[in-house]
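Pasting the structures here.
You will see two complexes here that share chain A, one where it goes with chain B and one where it goes with chain C.
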Partner chain A sequence: MASLLTYLLRRILFMIPVFIAVSVITFLITNAAGDPIKLIRLSFKTLTPTQLQQLISFYHLDQPLYARYFQWLGEFLTGNLGISLQGGTVADKIVPWIGTTLELQLLALVFSLGIGIPVGIYSAKHQYSKSDVAVTSTAIFGVSMPTFWLGIMLILIFSVYLHWLPSFGFISPYPPYWWGNYYLDAIAHLILPVLVLTFVSVATIVRLIRANMLEVLRQDYVLAARASGLKESTITFRYALKNAVTPVVTIVGLSFGFLLAGAPGLETTFTWPGLGYAFVLAATVLDLPVVQGITMIITLLVLIANLGTDLMYAYLDPRVRLS
Partner chain B sequence: MGFFVFLMVFGFFLAPYPVRDFGCLYQGCTNLPPFTDWAHPLGTENSGIDVYSEILNGTPNDLFVGIGATVISVAIGVLVGAIAGYGRGFSSAILLGFTQVFLTLPVLIIILLFARVFVLLVAGGFGLPLITLILGVFGWPTIALVARGEILRIRELEFVQAARALGAGNRRILFRHIVPNMLSPIIVISTLLIAGNILTEVIISFLGFGDPNTSTWGLLLQEGFAYIRTEWWVSLFPGLAVVFCVLGFNLMGDGLSDALNPRLRE
Partner chain C sequence: MGQELLRVDDLHTFFFTEAGVVKAVDGVSFSLDEKEPLGLVGESGSGKSVTAQSILGIVPRPGKVLSGRVLLKGEDLLKKKDSDMRKLRGRKIGVVFQDPNSSLNPLFTVGKQLTDVVRTHFDISKGQAFEKGVGLLKLVRIPEPETRMTQYPHELSGGMKQRVAIARALAGEPEILIADEPTTNLDVTIQAQVLELLKSLQRELNMALMMITHDMGIVAEMTEKVVVLYAGRVAEVSPTREIFSSPKHPYTAALLKAVPRIDKKASLMSIPGNIPNLIEPPAGCRFHPRCKYMTQLCVDQIPPLEDILEHRKVSCHHWKELSLESEMAA
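Up next, the complex of A and B:
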């Protein structure tokens, strides 16, 4: 138990440099884009000198860059994300987006694990059979597709031609609702984006599980287990799967981060009001405080996901704890 | 695959119309569906751009980004991996930590941020090399980790010991004996990385963060998405081009990895 605790502590310590690196990058990049006053001037052409002076002191532009960085980081850590150039505080804007993004991502993750692991095992057990070839070729199509393009194709088929499902948003703003009910309406809006995300991540998971299972099933201890007359299902699930799944846990954690960071494309396609779509909108009009806030929040979510992965990993593989 | 490399070299000559040609706007052939007029086999979009011609014009650009960024990543990755794997002590620990920090970054968001800001700052026309550079600079950590693992394995082998016994220096051992032996996994990873880089480039230009004056598949997809209700062909065909190209690289990576990994053969 103590070893697990030190392990956890080490992982948390590791997160700090990552967080600092992202914050420095984000801060420098957004500052390179120009200072907020130039952007404000685009819409308010006539600023009096006093207004200008107030803006400069509000954004601390009279101070050197590093001082502004520490001020900005300090305020971020206390939960003050600044004020959007389009009005409203960034924190108020971001919080509902976190929920909608996570709803989409977690649903897709659950579905893709539920489908990906059994299919991967089956495919590895029946290597080079017809179904295995079908599974692997579908999977390689899945990883070769831009996520958003699959979304566009599904919108074309199911919304534009068949009119079966809604193509944008996460709920109808006013009646008539899809399928006659507010809750069913929310589900109808979820189907297409979750389907796309699930398909793409199932493809990755199936490929991984299959490759790992093939590797593990070739090991001597599996041969030994088979020689001692154990049932095939015992060998597969108790002996092989546990060793095949451990690397997958890492990849799932990483790919959760990847999916989260990949949200912009998909969420833009479905006009899904989450972090990714908000990021694209804010970056397009250069609403820099919002862009900074979203980048930092996504980094935090990714780091939390990684921590969860590390814990899972330590639980599944005792060697990790001890080293 | 070979087909796409062929297109990369000859794409510019095969394309019937110049880059981002709005000629149809004046000839009244906008919004043509595909397979109706053989002057525009895959149709034209709302502002008169010929889809078939644009796909061909985009091919060299997308492959340039995919391959160029991978070359940059491999150069950085092998160098970092070699130092981290061969050296002992402080510098290698630092480099390893640095690699892991890089691996945890939410790269796509940061790449989008970079692309948005720098394509805006730098005058037009340099958008593509810039995106290549950004992708390359953020793509190296996996390669560095693979290179390090390979070096740790190879440097304990007998022939390296023999070279050392013969009095070869560190640099000679590293670059003459170890690096040539770790090329095969690096080649596999870089083929897959090319595929990934092309996908990322498509996302960047689809979101409108790329250079609006350069033909890329993503830009065409963006234009198609704006008219999705009326013009399905502008979304379908460039997407198919992306899928087949990326599929080609992925299949090549898989094939190479099967061919180079004797353990998986029966």
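Up next, the complex of A and C:
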């Protein structure tokens, strides 16, 4: 246990330079987007010189870049994400959207693991059977499908033609609710985006589990377990699966972070009010404080996801704790 | 010698690969008595390991046992259902594999891997199984067995790992221990220790031992009877003490001359050619392309495995005419 704890501490220490690097890059890129004052003037054409001066000192634009970076970072670390150019604090704009993004991604993750692992095992145990070929072909289809296209097709079929499901948003703002009440309404809104996300990531997981399982089932320790008289189910689901799932944990953990950052396409398709969609909205109006805030929040989420992955990996594979 | 315990009779195990049918074991027969240490000898690809896997019914895909009989105390194992075979694996026959680095599961502790086997074959509690695991580690001379139980394979040395693998093979208290090249992947000094351990365990526990090896030195050290395999067939069966002085098959003689010896000046001989392709093996005697005594008969006809002398069998058309003893003495 002690080794697991030192391992955890070491992983956390490793996160700090990553966080600093991302913050520097984010800050530099957003500042390279243009003179913030010019951007503000696009929306407020009639600023008096006094107001302009106030804005400059409010955003510390009279100070050098590095000083502004440290100010910004300090504020961020104390929880103050700044003020949106469209009014209101950045935090107020972002925080509620984190929840909706996580709701979508976590649900899709649970479903894709729940479906992907058993299907992958089945496929490996019945290599080259008809069902294996069917699974593998569907998986290739899923891996190569752009989410936005799949999303649009599903909206066309289930919302536009069949009127079975809502086409956008995460809840109906006022009655009538889908399927009669508020909670079912939320579920109705979740179905299509979760379906798209699940389909795409289940394909990856099935392929990984199948490949790893095939590899592991060939190993001597599986043969040795069989030669020792262990039950086939014990061999498959304990001895082999634990070995096959360990690399999948890494991939899923890393891609989960990637999903958070890469969700804008899907969230925009379904007008899903999450971080990705918020990012797209803020970027199109050059609301740089919001863009910065979202980037940093996603960075944090990715780092947390990576830490979770590392821990899970160390928990599963005792050899990792040593290195 | 004691009663006959295991008899392998005209066993055929083929692998159906994309390149063709590999006739890995093609009519192998031999027997193993109670408490007998037997050597199963041959080059890589001679069908030693596949024979062992066929006995246990664990031939990996795309391999398949096509015909023959494997009689354990008169019962044909090849006719048994897999669920019945499972109860027998580890319980009647234990196996030690070649490489302990790959035969132990890296993600489970030593204790877990031992107690899993113990609890598969005996209806006992977790605590009792742990005690039995500790006992097994003591049996294979591992110091601090209680600590070792909680460790993972990567925390142990190579020799220690192979001892754990031996302990696992003994967990079901088998009557036959199959050791499939158990020292090939170990350091030389460790090899001697592991062989010594296997030898004394075989006597202590009154087990029959099937030692699969390509090393005639190990055969001499460990066994009382030897079965020489060549390209999926039996070349010769003999008591160990006789085979070194008077081999009857030219392949055995060549194999013996390929063993370095301190007491003789003769230079080390290698066997010319390679082990044949088992998809299209040579017709007649499979050794004929490499045999210096080869005649047309060897190409045309498969030599039968003849009973010669007492306890000896050979599969060679010309065994009577050859004087391999004098060749060995030279």
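Quick note on the criterion: the second predicted complex is superposed on the first by the 323 of 323 C-alpha atoms of A that agree within 3 Å, B and C clash if a C-alpha of one lies under 4 Å from a C-alpha of the other, contacts with A are read in each partner's own complex, and residues count from 1 in each chain.
The rule is simple: a contact is a pair of C-beta atoms (placed from the backbone, for glycine too) under 8 Å apart; a residue touches a chain by one contact, two chains touch by 3 or more.
Source: prediction; values computed, not measured.
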>> Do chain B and chain C fit side by side on chain A in the superposed arrangement, or is it a clash?
In response: fit
> Of the two partner chains, chain B (first) and chain C (second), which one does A:A21 touch, if any: first, second, both, or neither?
Replying inline: first
>> With chain A as the corner point, what is the angle to chain B and chain C based on their C-alpha centres after superposing, as a multiple of 10 degrees?
In response: 80
> Once the shared chain is lined up, is A:M145 touching chain B (first), chain C (second), both, or neither of them?
Replying inline: first
> In the superposed arrangement, which partner chain does A:Y315 touch: chain B (first), chain C (second), both, or neither?
Replying inline: neither
>> Quick one: is A:S228 in contact with chain B, with chain C, with both, or with neither? Answer first, second, both or neither.
In response: second
> Who contacts more of chain A, chain B or chain C?
Replying inline: B
> Just chain B (first), just chain C (second), both, or neither: which does A:K242 touch?
Replying inline: second
> Which holds for A:R218: it touches chain B only (first), chain C only (second), both, or neither?
Replying inline: both
> In Å, how small is the closest CA gap from chain B to chain C once the two complexes are overlaid?
Replying inline: 6
> Shared contact residues on chain A for chain B and chain C?
Replying inline: 218
> Given the complex with chain B, which residues does chain A contribute to the contact?
Replying inline: 14-15, 17-18, 21-22, 25-26, 29-30, 32-33, 140-141, 143-146, 148-149, 152-153, 155-156, 160, 214-215, 218, 254, 257-258, 260-262, 264-265, 268-269, 279-280, 283-284, 286, 291, 294-295, 298-299, 302-303, 306
>> With touch defined as at the start, can you tell me which chain B residues reach chain A in the complex?
In response: 97, 100-101, 103-110, 112-114, 116-118, 120-121, 195, 199, 202-203, 206-209, 221, 224-225, 228-229, 232, 235-236, 239, 242-243, 246-247, 250-251, 254, 263-264
>> Considering only the defined contacts, which chain C positions touch chain A in the complex?
In response: 53, 56, 58, 60, 86-91, 94-95, 97-99, 102-108, 116-117, 120-121, 152, 154, 165, 168-169, 171-172
>> Which stretch or stretches of chain A touch chain C in the complex?
In response: 218-221, 223-232, 234, 239, 242-243, 246, 316-319, 322
